[in-house]
Structures are given as structure tokens and as C-alpha cells.
């Protein structure tokens, strides 16, 4: 599994590449996606947790990595993240287990990174 | 689309039928499923909302109906449910739209039923 | 399987209900979805066919019904639709077969409706 | 849920309709699909059970109904079918539960039909 | 992400390995798969684009890479590919975004390779 | 593709990490998952093969690798595994092909490892 920095670097580079393509539909989708996680009637933390759990049941490792970083930036504890991942495990079944393993590893990497970058400001 | 009562009746009848089959694996899964939505490090409302959003991206109408009823029993407002469904719509794409339509109809049916049964006690 | 008119009526009613909810995210998604099928570098017919094939591999009957109606409004022949459904069948496998059956029935219903409404103007 | 006879009638009618369409790709897929369940290095019963479990994790009710009928024609007991459905439930998660409910109902309908048609010869 | 050459090499090696296994069902599926993209009532370019869009909504990176190479061999422009990917993004939602990123990178790799191999003859 | 040893090492390490997290729901799911493949009314070999085929149609490479190792430990021949993978290929479609390629490679790696470790005792 690649490191958090490699994940972030590729994500940033390709987002720029995609938005520079000039396709209006894609550009608007990116904006709409960002907006879905901004506090509205539900607060930002709850919205982000929904992003994490839905990404897990759809088994997208990159999406899970992104939402774990965001959830930790927003102050979720490990135990809270485990509760959310547990719902995803029950809903999605054992087919999510390899992704659950990688999610736990990502949580550990984030906690390790917080020793030198407490807010994970260098990511995303 | 069937009514809330028909949904509830079939669900209750078949759950009994399945648990009466005597299969220990299935029985334990049912218990584990119930337990995943009981307050732990995350509160009950957040866990239920995770159930709703994950069910929507996996496009299971019956699961969505169940979690909408539960969410309304727990006191979520329509606007809060729309926020959660909006995350699911962005994550899961337009393929969720027919299920979003049925989810809105289910919300309306629940609100209508609350006129005579405010806690939706006759359901689930 | 419900008729084309029932499909259309429920779709129209619930779209109005959803857009009247006032949720900006959902409203913008609906607009973005419409726009994705308007001629750009690819023409409208090709875009619509992509909508049909992607809906089939994701096995969404309502989405398939919608795109079949649109494809027929745009002038596709049955043989062309079969070619597109065949790609979806190969890509998505035998699990799509029940949806393929319903898609063929929908094509037949549309052709039958064209006897009195050649442009399917009463639908969508 | 429709009855076994209605399921069978629609399936038979639309299979004929599809094969009569003259599309060679679709026709060959249908033949290849039939062949995958004929005894080879694995026996017919095992192959059919694989069809049932894969259909369940992909959550296709019609496919599940078809394979339950076939499995019962081949002599599987209820307890054996529950074991297979239990694997699918663990692998696929709680999102399969509504389909598990309908599968148990289908098993019961088949057992009931066997009182007058022990080999389920009138189906498929 | 591996290079186009590594992708092609592994694909070629394993296709040979699989076809040499002597399993008739698998062999016939491979043939049927090839045939689905040969001009029939729809032309080859449209069929290939259907392959690309369906692969994207099902989120299979290798399948997307294959169809991008084929689409570029058949003469699609970048803007046309973006339109097709945009439909897949809308249909499939933000869960496709990591795959969209890798698809754009694959397009760039193909364009770069075309500087020395304009028809991408060394691939597939 | 990583080797069998790397797969096994990461799996073992992260399973320990996850079970050490102290989350009861996750811990019970792990136990229930193990139990689903223990002989009951169906024998262990059949249950394991169901695990393989369901993992393939859901396209989880790690799950497929795990079940191939287990199936080979239980004595399945290559031809029997090909029959099971062929059902998964038909049910799941060409989107499974990249996973089928990796499954064949995993079978070959297991057979190679059996030269020095006939029971694959060093794995799982």
C-alpha cells in the first residue's frame, strides 16, 4: 500500500489535470462533490462520516483513505471510526474485509503522521 | 410501491420464518446486525444515518425504507434526511435516482402516518 | 411490470416533489444529470446510448426504461439497441438477464405506443 | 412477490422473444449460460449451488428464484440451501437480507408446489 | 500505476495461460467477448465507447485501460473520451473519481506513446 | 501482483491489529465469518467453493486469493477450480476477466509453492 503522501500527491496532480481539461460537466461535478460535505442541516462531521461509510460499502480504497484523513482532521477518535466501519462491515459483508484491513492501516498511518503534523495540514 | 404496513408485515413474518429455521449462522448474523445500530462510541442517531446512506448507495429499497422509518422514530427532520440522501446521491450517482424517488415517497408516507401514530410505534 | 404511463407519471410526480424540497445539492445534481446527455463533442444519440448501456450493467430497471424511451425518441432501431444491450450483457454477465428481459419488453411497449404516438411525445 | 408460475411464464415468454430477435451474440450467450451448469469436473449440483450463491451476493431476485427451483429439482434439502445462503449472507452482508427473505419464501413456495408436482416439472 | 507495456504484457501472458487451460466454457466466453465489439448494426467506434463507459461505472481499472487503448486506436479525440467519461461519472457518482483519475493518466500515457507509435500497434 | 507470502503476512498482521482494537462487533463478525465455512449440512469443500465463486463475482482479489489457497488446501484440482471460475465468469461477465487472470496466476503460484510445501501449511 502506498503512503499517504503518494496518495495525496497523485490525487492533487490528477485533480488539476482533470479540471484543466476544460470539461464543464466534470468541473461542475467536482464542485458539487465538495459542497456535499459542507455543514448544512447535518454538521460537517456527520456528513464526512457518511462519506466514509458509503465509500467502504462500495469498496473504494482511495475514497476510504480520503475520508479517513478528513474525519481525523475533523477530530473523530479511533473508536468512533471503528463504529462507523463496523456498520459498513455489517451492511457490506465479508467482501469489505480486505478494505477494512487497509482502512485500519490508513488510520494508523494518520495517527503516526499526527506526531509531526497534528492537523494533517500537509494532506489534502 | 407497497405501503409501509405491507412492508412491515412481510418483514416481520419472514424474519420469524428465517429465525425459526434453526440455522445458527443466520441467527447470529441477525443479532450482530441489530447490535451494530446500538449506541456505542457513536450515538444511535448517527449509526442509523450511516445505515440509511450505505443502503442508498447499495440501492436496496427495502433497506432504505427500514432505515428511514428508524431515522424518523429517532427524530431526524426531513432536511437532515435530505442532506444524508444528497451525500448518497453524489457518492452513488444518478443510478440511485429511482431509489431516491422512492425514498422521498417513503418519507412522505411516514410523515402522513405520524398524524395518527406520532412515534411510528406500529412499524418495526 | 408496470406500464410506460405509470412509470412516467410516478417519475414526473416525484421529480417535482424532490426539486420542491429546496435542497440545492440535489437540485444541482438533477441539472448536471440532464446536461450530461446534451450534444457536446459526442452527439446526443451516442451519449444516450452510453446512458442505456451503463444503466444496464448497473441493473437499474427504471434507468433502463428511461434511456430506452429516450433512445427510441432519438431514432435508434431495435437492432441497434440489441447491439448495445449485447455489450452490456457481455460486460455485466448473466446477472443482467432478468433486466435484459424487461428491457426487451419495454422496447416492445414503446413500439406499440408509437402506433398512436410516433414520437413518444406523451412520455418524459 | 409474484408466484412461481408467473415468474416462469414471463421468463419463458421473454426468452423466446429475445432468441427470436436474431441477435447472434445474445443467442450464443444464452447457450453458454446453459452450458456452465452442466456437469463437467464439478457435478451439476455443485455448479447449481454456485449459481445460487453468486446470484444472492449480486442480489438478483429472479436469478435466485431460478437457481432455487433448479437446486430443489436436483434434490437439495432446505438445510443445505440455508448453508449456501448463509455463506452468501456473510460474504454479501445485511444488504442481502431482503433478498434472503424472498429466497426463504421461494423455498417455501417450491416445497408447497412439490405436494402436487414433486419434481417441479411444470417449472423451467 | 503500472505502465501500458506492463499491462499489455501481463494481459497477453495470462490470456494465453487461460486459453491453454482447455476449458471450453471460458474459451467460448473469450470469443464471444471479442465479437461483441465488432461492427454490426452499431459501428465499431460506438461499441468500443460502450465498453469504456460500462467498464468505468463498474470501476474496473484494467477494463478501462483496455478500452481507452482501443478507443484511441479507433481515432477518438480526448474531448470525445471526456464526454463519455462524464456520462460514467454522472451515472456512477463520485465513487468513480479515483478511476477517472487513472483513466485520464492512461489517456496521457497513450498520447505520449503515440509520439513513437502513432497507431499504438505495440499494444493489445 | 504481490506474492502469496506478502499477502499472507499483511493479512495476518492486520487481522491481529483489528481484533486487538477491542471492537466487539468487528470481533464477532470475524468469528461468524470463520464459522460459515465449517462443515455443516454442506461439507467444507462445497462451502469453500461458494466462498471462491461469490468473491469472484464481487471482484475482490484478496478474497479470491484467500479462497483459492483454502480450496487447494482442501484438495480441489485445477479443473474443478476452472469450472467454478467459469460459473463466476458467466454470472459476473467480462468485467471479472482481469480478476480471472489474477486468479489463474494465484493458482499457478500455489501449485509452485506446493513443490516445497505440499499442504500450503505456511499460508493462512
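By written order: A, B, C, D, E and F. Residues from 1 in each chain.
One rule holds in what follows: a contact is a pair of C-beta atoms (placed from the backbone, for glycine too) under 8 Å apart; a residue touches a chain by one contact, two chains touch by 3 or more.
Please read these numbers as outputs of a predicted model, since none were measured by experiment.
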| item | value |
| --- | --- |
| Steps needed, at fewest, to go from subunit C to subunit F via touching chains | 1 |
| Touching both subunit D and subunit F (chains) | A, B, C, E |
| Distance between chain centroids, defined by C-alpha means - subunit E, subunit F (Å) | 28 |
| Multi-chain contact residues (two or more partners), subunit D | 25, 29, 32-33, 36, 40, 54-55, 57-58, 63, 79, 82-83, 86, 89-92, 94-95 |
| Overall pattern in which the protein chains touch one another (line/ring/star/complete/other) | complete |
| Subunit B to subunit D touching residues, read off their complex | 10-11, 14-15, 17-18, 21, 23, 25-26, 29, 33, 54-55, 58, 60-63 |
| Parts of subunit C lying in touch with subunit E, wherever the complex brings them together | 32-33, 36-37, 40-42, 46-47, 49-51, 53-58, 63, 77, 79-80, 82-84, 86-88, 90-92 |
| Residues of subunit C touching subunit A in the complex | 25, 28-29, 32, 35-36, 40 |
| Partner subunit F, residues of subunit A touching it in the complex | 59, 78-79, 82-83, 85-86, 89-90, 94-95, 97-98, 100-102, 104-105, 108 |
| Complex contact set, residues of subunit D against subunit A | 57, 89-96 |
